[in-house]
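Before we start, here is the structure in question, set down as structure tokens.
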Amino acid sequence: MINDILHEECGVFGTSSPPDTDFQAAYSSYTALFALQHRGQHSAGIAVSDGKKISYKKGDGLVHEVFDGKSLELLHGHESISHVRYASKQGTSGVNAQPIVISHGGDEIALCFNGALTNSHHLRAETEERGGIFQTTGDAEIMLYIIVRAFLKTGSLESAVLIAMRELQGAFSILILTKNKMIAMRDPHGFRPLCVGKLGSSMIVASESCGLDSIGAVMLRDVAPGEVLVFEQGKMRSLDSGIKASESLCIFEHIYFARPDSVIDGVSVELARQEAGRCLGRVDMEDGDFLPDIVIGVPDSGLSAALGYSQQTGVPYANGFIKNRYIGRTFIQSSQGQREQSVRIKLNAMSSVVKGKRVMMIDDSIVRGTTIAHIVSILREAGAKEVHFRISSPPFKYPCFFGTDIPSRDQLIANRMTVDEIARKFDIDSLKYLRFSDLDKISAGLTCGYCHACFSGKYSLPIQ
Amino acid sequence: MINDILHEECGVFGTSSPPDTDFQAAYSSYTALFALQHRGQHSAGIAVSDGKKISYKKGDGLVHEVFDGKSLELLHGHESISHVRYASKQGTSGVNAQPIVISHGGDEIALCFNGALTNSHHLRAETEERGGIFQTTGDAEIMLYIIVRAFLKTGSLESAVLIAMRELQGAFSILILTKNKMIAMRDPHGFRPLCVGKLGSSMIVASESCGLDSIGAVMLRDVAPGEVLVFEQGKMRSLDSGIKASESLCIFEHIYFARPDSVIDGVSVELARQEAGRCLGRVDMEDGDFLPDIVIGVPDSGLSAALGYSQQTGVPYANGFIKNRYIGRTFIQSSQGQREQSVRIKLNAMSSVVKGKRVMMIDDSIVRGTTIAHIVSILREAGAKEVHFRISSPPFKYPCFFGTDIPSRDQLIANRMTVDEIARKFDIDSLKYLRFSDLDKISAGLTCGYCHACFSGKYSLPIQ
Amino acid sequence: MINDILHEECGVFGTSSPPDTDFQAAYSSYTALFALQHRGQHSAGIAVSDGKKISYKKGDGLVHEVFDGKSLELLHGHESISHVRYASKQGTSGVNAQPIVISHGGDEIALCFNGALTNSHHLRAETEERGGIFQTTGDAEIMLYIIVRAFLKTGSLESAVLIAMRELQGAFSILILTKNKMIAMRDPHGFRPLCVGKLGSSMIVASESCGLDSIGAVMLRDVAPGEVLVFEQGKMRSLDSGIKASESLCIFEHIYFARPDSVIDGVSVELARQEAGRCLGRVDMEDGDFLPDIVIGVPDSGLSAALGYSQQTGVPYANGFIKNRYIGRTFIQSSQGQREQSVRIKLNAMSSVVKGKRVMMIDDSIVRGTTIAHIVSILREAGAKEVHFRISSPPFKYPCFFGTDIPSRDQLIANRMTVDEIARKFDIDSLKYLRFSDLDKISAGLTCGYCHACFSGKYSLPIQ
Amino acid sequence: MINDILHEECGVFGTSSPPDTDFQAAYSSYTALFALQHRGQHSAGIAVSDGKKISYKKGDGLVHEVFDGKSLELLHGHESISHVRYASKQGTSGVNAQPIVISHGGDEIALCFNGALTNSHHLRAETEERGGIFQTTGDAEIMLYIIVRAFLKTGSLESAVLIAMRELQGAFSILILTKNKMIAMRDPHGFRPLCVGKLGSSMIVASESCGLDSIGAVMLRDVAPGEVLVFEQGKMRSLDSGIKASESLCIFEHIYFARPDSVIDGVSVELARQEAGRCLGRVDMEDGDFLPDIVIGVPDSGLSAALGYSQQTGVPYANGFIKNRYIGRTFIQSSQGQREQSVRIKLNAMSSVVKGKRVMMIDDSIVRGTTIAHIVSILREAGAKEVHFRISSPPFKYPCFFGTDIPSRDQLIANRMTVDEIARKFDIDSLKYLRFSDLDKISAGLTCGYCHACFSGKYSLPIQ
């Protein structure tokens, strides 16, 4: 195999309109991919159909790097699917960018998805035994082979998709585009989010509701776990796969992945994060007399929880850090010793705010601990009297197989050290994590169950 | 003249080290320009001297667009000056980028500055009568002619610079680099900030203290209005121009221009902004029983004042908007009607936070009113019950001639309409500005006086 | 199907070395692709194997646009294949670039070729019926499916390649790379050239001998039609497919496609072209008393034949045109009427040479007639008294199905008009083509037969 | 001084049209700069005036790298000047690109030139004493200072230009653009070429007549040494500077610099080169019985002389080398030993042509000898029996101060070694140069005298 299977976090977006629409699929997709860019910065792609043929453009890089005015102009059509992709390992350039577009029997099919298959090894081997060849390291080609094979048997794309829903195992929110249809499907567990909205006579599908907002569309509902939606010229039909499974939305979407202005499976991401902060505050209040002078969120992922903590405890919320928004991925560092100094260009502590204060920092998680070490150091230099940390999720101990790029177990610091050891290692005055039982509070209102395997080790699916 | 004189807001940064230093002037300047990038996004430049010759690189664009690893490697030296520039009108590409580097009598001189001359027409005409020619539309060439002319008379660069301090009128924080000296000077009124710091055996000068922080330098003090600092190999001498003038630091630095983590002339920008918010809250409390359900800052410029408002009034502070940080300057819009929809990609309101609420928005100023109109519209769509606005500065009524890019009087909305008219025009439930008298509160602690001409029309200098 | 099947003219290059070699496969391939660039300017790609895995880089554009220093550095290995490609229709960007790299059963296979299959419709349909999917519009994927399928049956790559030699029909010079082998194969008719050479302990395969020269390698021999060469660590084995077919090297390689410094199947391209010129001169001498004042080749394709004409007839050879070598593919033309004028930037006639002269122009062929019209017009303006044309190939009347990008029959001017009509249309004083019987003269010495279907309509293979 | 004075070979182009013309100055200039690109590849620039203001665009690189469609669209106007520049040392990027555009007294002036001043040190020093400053290392700023100073005295640009003609010494073909005039001037010695032509109602000025041809303009005549031409809206006036000087056109223009299709001061460059070849042939015939089997020109600079040699001697002319036209300036070489091999990618010898032959190579000059060494080596490898060299100019022994980039005396091989020593060093079977007295033959017909200082050491001007 070219590489080990890549686990990816991604974002998808799809549209369907009547042929005479003035809705511009390519420009709208381009706009929405900006809103979904936080879900993947390594490649981007858009495929559109005008009822006769599929045109597409994709490439490595951010949305604004992949597309220019000329490439958008060339993408005509009224149905579309599009994608942003995050790759844990950067493979050979461009080759894994989605959508993957194939031809079969004179028809073109484009496919993109968010998630990861847990039976990909098996499906890949089986396909190869039948003479199949693979040009990428991702799961999209596997999905296409499964669908094409089912189509050859049944002669119906809808039937083929329902068969694929059974054969594919793992996390997948898939969009499919043919000459005249756009299809959305969410795996029976509902690991990854997917929602549907409306703008005029156009139907829109997106990984997160912020993608709908970005083009002024109104959210209708989430795609149900195990549901298939078939769109033709702006008309939507729902097919029920009939597969029942433990519903397992990834709770990390609310904790970290999703944008705060999104609402996923009935729960606002912003409010969930504030609730996590309130839970942390409640524990601190219960635990006794200590309360800090100010509470600061690690920008940007800890801001909402810090606000919740402040609301719960009355501790003043403060802006303690400035994040430099001009630093791109290409900051040039001298080869010599100034490396350490230049990291502070990315994040600077406000001395006037933290000096002499007992500071409570809130962040969403600790994976390897790199960020936390840096923050403690600049806070101390800026004159903070004490530095405390609260983490708005339980200790992250188990790897994820459902489409997030999580390091192996031994790289997870919470797996190797106790909470006290971590606090000592990073010279933190106190450290607490969200209680596992508080996950129920931040997920209150979810229309489905949630996956907590990365905290509990209890996977909803057998892992091959 | 090639164009009308451009008024520019800019950032400067300079370093001086012993020749055997391991301080890397070019890489440090590059890093610090990122921290000062908010002061100018149109061009960037770095000039360094190794004691024998000046090398430089400059160009149009952001810091990361102008410099690459190769260009930084080629800039050897232990003294440097560097610059980021904001241009109200983009002139012919590249020509106005600073530092301007000239040769005269076998010596090279590089110069860059932040500010604007008020007697540039006069000085330019006079120089042309003597046979001078101008290749740019900015004031830097004028400054160089004045300095060179004074040098021809006195034979001393220090004397020439002191003469220039008298002949140049207006706002100027200037850095000069020769083969073996780096000179910093601040105009007698002190319109634009300039501070000095230290890192090891290197001396550092920067428009704002956040530039010092970015490379780990410690701030020593502000450069005094009318002061000239001469640096050689890390040694600093102060020359007193002896010119007395009304000290007039631009108060808009604290209100909007500067970065919150900077401390300018003794006052923290973050705390000044919080104080502005407290002043606004105090007025609301005094004015009677109305208090909103939540207070939200317009990102990013209104966040600090919103926090102050919340602290003063007890109204909960909320994150109400998500700003898309992937949108660059090149967002492609379709030529058709989707333009309106796509603006919301830049800023999205969080429905879950504002729905059904009486929302208090805080922003730093209203210039033309474009932003406010957009914010009101997306708040209403997101379900806000009422939308109130508080502005953390007095009404902006008079143009600025001291180096900020301010539209002419008739483009300033506060000049043409009353507060009530503005509120009605933008469909705001209530609108209040900071009281002029409260400027004293937010500037409390300044080591010098401040300029409020844009609010009061009282200029510290005659305008030609 | 995504598009109509594309017929392409391409160049291939492969290397095999011992693992401890100091031969640098990627840099040598890069160099050789420059020498083969005339065979394809639309995409380029290099794949190398280090015995463990295949690394590759490919993309749209010229060799110097696709590769930079960093990308070459990353391509480690001692066996390699590489490719330049010409596409008649530009498809979706990048997708058709070769080598195509696939994985199957844990092994990677890379493939690139020059030619075109005549049974691609059939093989594609058959593959799709078995569940195969196609991501490109070219024939390389078909070849890979056929080879993989044969491999599944036989368990041997060598056997699989020999089976593929039978199943594939048409023109193909194929290079294949696996973890530890490089394989070269030439179709039984030998439509496209392929030769093998040696440099130190490395074996080299190239479309033309100029590719060998470019890296200092010595040519050993041509790959025989129907032959398979297997290379491992610099060792070569020859497999005989046993298939007998009419040997049919494309005679247009000698007339136009190949570089003059190449020797193909035993015949020097330069000398073949000179011989064509001599044949043309002989006919003019036989035909009677007319002889021109000077003979000029259309740069660059007519130069060698013009020299032969001069040698035969004693008519002075002249440089009559200057070709602008700075014009790239991106010359910008104003939208208005200056288009006509600006075409002469590409080719300018030397008035001092042609003024008052009876000029004999030699070119290799007339396809649509665009070039000839332009040349006649600038010669007349430059003062030529008479303009005669001789074409160093017979009239081009029939389409090619063997890997060259030839327009359909009705676009071929020789198919619609007589020689006299063409001469009148372009205002030529006299026009003659090479006699069909003279093809034997220019191909004298060929180690195999040649294909003349484009002149005679007699195809060596049934066309589907 | 920023650097040592740069000596540059450049090309200029200017146009003047009625305001209502449909002649597009910017596009025509762009086209003509391609035709003049051989005169300078380091920077390019175009300035146009629409009667109100001057717009311009310039930058480092080839014409196609500096300009794109958008930049040409922005250059409106009916008068223009433009420039390509060759720099011996690459200075700080972009700063020396021409035209230089200045403003003075509310007026803009743009200037570009080909040549070099011999009194630049003096004029620069004098200007600096008056308070002038220099931003570039070239002579264009000096010219502007001189013209502006004269304008301040006389109030007339025409008078100022005539004064400058006296004060400037050396080689200069200058173009000047103001709001409503385009001025062309050629130094009294006429070192550098400059000619004038016509297209419709537009007047055109160019360094070489091939620039006129490129846009379809007809050549009228050369600009006379010491002549000033003033153009307004397509009308031309000639001013006589009245300065008499020894006319000294650089004979190297005909030998090497100019394009073969240009006619300069009455003599065709192509025919002059052929004559040089004939002179070389005549000497070989006189010298006795030796004659080679074939004669080959070093591409591209020796082709015309080789043709002349063949015409004179009857020795067959041959194409012996293929020059790779895809190699740009950025060919990437591996760091290791393959460097030598990869140089042959640029030039390959045709073995089929040279094998077993006594080869006569013709080139225009030997400067350092690098090229000749390479050619001898690949000819020997390709099987040439003997390698002879003839040089179509006398030995190059003295530096040039008139605008060509010639190395210092000790780098000139002809200065350090005899002809026999050079032949031995490069393993040449025989070597001869053009006889100095034959320069009169190749310049026969010139309307002015010529400069031969590089061969004779006799300079027409004192060198400071």
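Labels A, B, C and D are assigned to the chains in the order they are written; within every chain, residues are numbered from 1.
Everything below uses one rule, namely that a residue touches a chain if its C-beta (ideal position, glycine included) is under 8 Å from a C-beta of that chain, and two chains touch if they have at least 3 such contacts.
For clarity, every value in this text was computed on a predicted model and none was experimentally measured.
Trainee: In contact with chain B and with chain D at once: which chains are those? Just list them.
Mentor: none
Trainee: Just curious, how far off is chain D from chain C if you go by their C-alpha centres, in Å?
Mentor: 37
Trainee: Can you work out the whole-Å distance between the CA centroids of chain A and chain D?
Mentor: Chain centres of chain A and chain D, defined by C-alpha means, are spaced 60 Å apart.
Trainee: Which residue numbers or ranges of chain A touch two or more of the other chains?
Mentor: Within chain A, no residue touches at least two other chains.
Trainee: Just spell out which pairs of chains touch, all of them.
Mentor: Taking the chains two at a time, the touching pairs are A-B, A-C, B-D, C-D.
Trainee: In their complex, what parts of chain A are in touch with chain C?
Mentor: Listed in rising order, the residues of chain A that touch chain C are 1-2, 53-57, 59, 92-95, 100-106, 108, 125, 127-135, 137, 141, 144-145, 148-149, 152.
Trainee: Using the touch definition up top, name the residues of chain B that touch chain A in the complex.
Mentor: Going through chain B, the ones touching chain A are 22-24, 27-28, 30-31, 34-35, 37-38, 62-64, 67-69, 72, 210, 213-216, 259-261, 263, 268, 270-271, 303-304, 307, 310-311, 316-319, 322, 324-328, 330-334, 336-338, 340-342, 344-345, 348-353.
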